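Alright, structures below, take your time with them.
The following pair of complexes shares a single chain, subunit A, combined with subunit B in the former and subunit C in the latter.
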Partner chain A sequence: MAAVRLCRCRCRALLSRVRGAPRALRGLAAGPEMHFGFQSVTEEERREKIYQVFESVAKKYDVMNDSMTLGIHRVWKDILVHKMNPSPGTLLLDVAGGTGDIAFRFINYVRAVRERQLQRKLKHHQNLSWQEIFENYQEDKSDSLGDSQVVVCDINREMLKVGKQKAQHLGYSEGLSWVLGNAEELPFDDDMFDVYTIAFGIRNVTRIDLALEEAYRVLKPGGRFLCLEFSHVSNPLLSRLYDLYSFQVIPVLGEVIAGDWKSYQYLVESIRRFPPQEELKAMIEDAGFFKVDYENLNFGIVAIHSGFKL
Partner chain B sequence: MYGKTLHQGAARLKTTLAHSSLCGTHRLPAQRGAGPEAAAMLRGGGRAVAGLLRRAAAGSREQHRDRDPGSRIQEQGSGSARPQPPEPSLLRFLVCPLSKKPLRYEEATNELINEELGIAYPIIDGIPNMVPEAARMTHKKPPAEDSEQP
Partner chain C sequence: MAAAGAARRAGWRLWRGRAVVRCQHYAPVRALQASAVLRRVSDEHKKEPFTPSSQQQFDTHPAGHQPEQEPQGPRPSYTGQGGQESEDYESEEQLQRRILTAALEFVPEHGWTAEAIAEGAKTLGLSVAAAGMFHSDGSELILHFVSECNAKLSELLEKEQKLVQLGEAEKKPTDEFLRDAVEARLRMLIPYIEKWPQALSVLLLPRNIPSGLSLLTSMIDDIWHYAGDQSTDFNWYTRRAVLTGIYNTTELVMLQDSSPDFEDTWRFLENRVADAMNMSNTASQVQSTGEAVVQGLMGAAVTIRNLAGLNQRR
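Then we have the complex of A and B:
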């Protein structure tokens, strides 16, 4: 009896190992040369290095964002959530959401929309009985989000820890969940989410095509894919100024504020290596999305790509 | 009696907690039931007894409110991390990243278990770790930190 059980267990292990083999092969065999900033590394090395980069910057991530972009990153993220225009009851998956910026903005937006909805409902009701008014107040307390939920998924534990602390500090508890997961292999079932966002994260994914396919898989039909990322500036003069700022100022800021030159050197190099707007649009279309479009913010320094699963 | 079967540090911990009014002997049978995994965790707890006692004292006050025997066992064993069960709303979304099949939440070890493949994903600090490298095979019994490539 025990022997049979052992056999079955071994078969299960074999099955999972076979399943895992293609993934392992991809990493272990010298693998295609990938880029880490301007260096050339193997796939495994790249994952490892990126993990270490974010592990070391996690605590100072928000401070650095503010100082590098002079606070403009907040505007970009606000524009992303406004573009999303979520209604109460929306399920959002925020991948590479780390410190939770998009998630918090989503919650604020949905709360505001919900309040407006409830106020409009109250205005239409004339001659409410005391019982109805009482019930209305009861509802408000438990329904401020209207069943909307956001799941923040990130591959880096440190970033999630910082995000969770921020959430506690700012008082976000309802409708917010944290998961440690790989964007190339999401732990979610098919057709689950209304919106999938990835803000300043897709640049760090090693296999962008896999991440896009996973995004397509977990979205409901009719779901929206939104990607906010640094992109290419076409204007030559601006491009030169931007390069100057990126390579001369940002790593110095990184050293002064976060004590980490190399991570921020990686950051600016990875921006240069990332495919430009049109190429990313083609990749998103390849994954199966329709109506793929992008919107340049600040002349192309940042771009929001959007696609629908139809 | 229990000091014989468990590590010295854990035994000291238990007697200290037994004195505190909130924890009674009704917990100990549950510990015995948890088996070798609980013993392994208690062994780990024995190494950091001082900090553990402080945290356990604070934690047990909270957990008395929770009335959750599973996490009380965890409290003694896991040392620095006070495990919180994940939110039920999150549990309905999560599936195994490899097979995309639903998972079962195991309160005793605070893990999400995929029966089919025989792997368990740990939940640390209330955040489930759904990366295959972090999963452990349930039919072996390695410590949770071992990374297995399934």
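Then we have the complex of A and C:
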């Protein structure tokens, strides 16, 4: 009880401090002004701060996701992969996908589709001899994913480490690759991937336009760009409730569960500073994507943007 | 850069808004970025000739018909909004049509699904993710196929009409004309007949009913127009309703027909068309019979009145 009261006092104090502070920092900033939550910092400082944020939350990242969104983030990620509707043989690049949530879902989906494909092929082969059926089994056995591959790319070593451990723990062995890389400057060649996803990561990228251009570069012609991100709620009543929840509950949860108030304060503020749906859509179109569209989930709390490299 | 971006976005929204009237398709003004895939329209012209003839018929149709459906051919480049020449690149719609056409050859194997579309995209050199542009149930593929078939039918009927006008062929009687037109149209389904029931069920989804229905009505209208129908009274509706009924029932019969070259289907079609012709005769017969009966009754009534002495006047 005392701990909760203490948290509430800290909450109010911190909020007022953070909201009042920015003016002071602005004078010191040397270099292009960026936002870090509600603070104003330079580009370099922002990158460093974000790196530190994720370094400290990496181990408790999944637990915190579950408690903050009450488990709904799993549904959002499922919807993203369903929207992608990957067929076997797809090459996916999951950027800022540190702990591998999208990658694992992708693998499950492709495995299920592949199984259905094999079953259908078997039905067609029902008039083959036993010998031929056996041979078919042999050549298909090594192919449960149908050549699909996921490359998980993240700028943060800690997040990748957690992701690799999770993969081992859950038993995902084939079709996965883990690469350390910066979304603004991907270590891949042009025209390589079928799908590029970035789930809850583009908010943390310092230069979003560079990231979008890199996405355009590494995608094959006809490739798809998918972005899952917190966005703006237009409904006023829901918006008030959402604000209340975000600023009062989430940092507290952060402190109690992960022992890290500031990181979750940053998280909530960065959501507010992120451009709304239409603006992000315009930015994606500027990068050269066609047929750009977005789908609001939960009235705009989360939005999926999609574009094609045509 | 920002101003150009804003101008492009404004042009993009304007272009989107105009897409309602299907005659006008403007290529998006993306002057500063060459598209990776959308190729120059001039390349397309060599491959797919545009058929302008089918547009004229819509003007001569009686009121009540909406000129909604056009053959899905490639559009030549139009000048942009401010009179400026727009890029010579094809629009997204044209690329989508190309993908769907390429996907048709994979339909017998994969069915009317996103997989077929993905395979089609692969043959064009695109990534399989391009199939994400379409619905996962294959609706667009089916609608594209149906409108392509309708366009082919129109071309066929147009050619026949030209031959008749030039005097090189005899004008067919109505029932034979209808029979041949419906048979020609249904024959286009033969390569896909295995998966066609799936297509029909997808066409009945609420989302697809408006487009499917308008495609069907415009095709029936086409056939009657080339059959020489110039009615402006209620006959217009009756004829189209009758032919729609004939077409739909024949299509369903075809789906479960296993005779060589679908002979049973064509015989069924012949019978239905004959029925329809008789029906119109019967209608007029019924009318004249009715009149005769009424006159007979009137005469009987007068006679009875006379016999009963009610008609006497003093």
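Basically, the second predicted complex is superposed on the first by the 280 of 310 C-alpha atoms of A that agree within 3 Å, B and C clash if a C-alpha of one lies under 4 Å from a C-alpha of the other, contacts with A are read in each partner's own complex, and residues count from 1 in each chain.
What we mean here is this: a contact is a pair of C-beta atoms (placed from the backbone, for glycine too) under 8 Å apart; a residue touches a chain by one contact, two chains touch by 3 or more.
Bear in mind the structure is a predicted one, so any value in this text is a computation, not a measurement.
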Query: If you stack the two complexes on chain A, which partner ends up touching A:K161: first (subunit B), second (subunit C), both, or neither?
result: first
Message: For A:D101 in the superposed arrangement: first (subunit B), second (subunit C), both or neither?
response: neither
- prompt: Between subunit B and subunit C, which makes contact with more of the residues in subunit A?
  reply: B
Message: By the touch definition at the top of the document, which applies to A:D189: first (subunit B), second (subunit C), both, or neither?
response: first
Message: Touch test for A:E269: subunit B only (first), subunit C only (second), both, or neither?
response: neither
Query: Do subunit B and subunit C touch any of the same residues on subunit A, and if so, which?
result: none
Message: So in the complex, the part of subunit A that touches subunit B is made up of which residues?
response: 6, 9, 12-13, 15-17, 19-20, 23-24, 149, 151, 155, 157, 160-161, 164, 175, 177-182, 185-190, 192
- prompt: What part of subunit B is in contact with subunit A in the complex they form?
  reply: 86-87, 89-90, 93-100, 102, 116-119, 124-132, 134, 137, 139, 149-150
Message: Please output the residues of subunit C touching subunit A within their complex, sorted ascending.
response: 5, 8-9, 12, 28, 30, 33, 35-38, 92, 95, 114-115, 118, 121, 124-133, 136
Message: For the complex, give me every residue of subunit A touching subunit C.
response: 83-87, 89-90, 194-195, 219-224, 282, 285-286, 288, 290-291, 306, 308-310
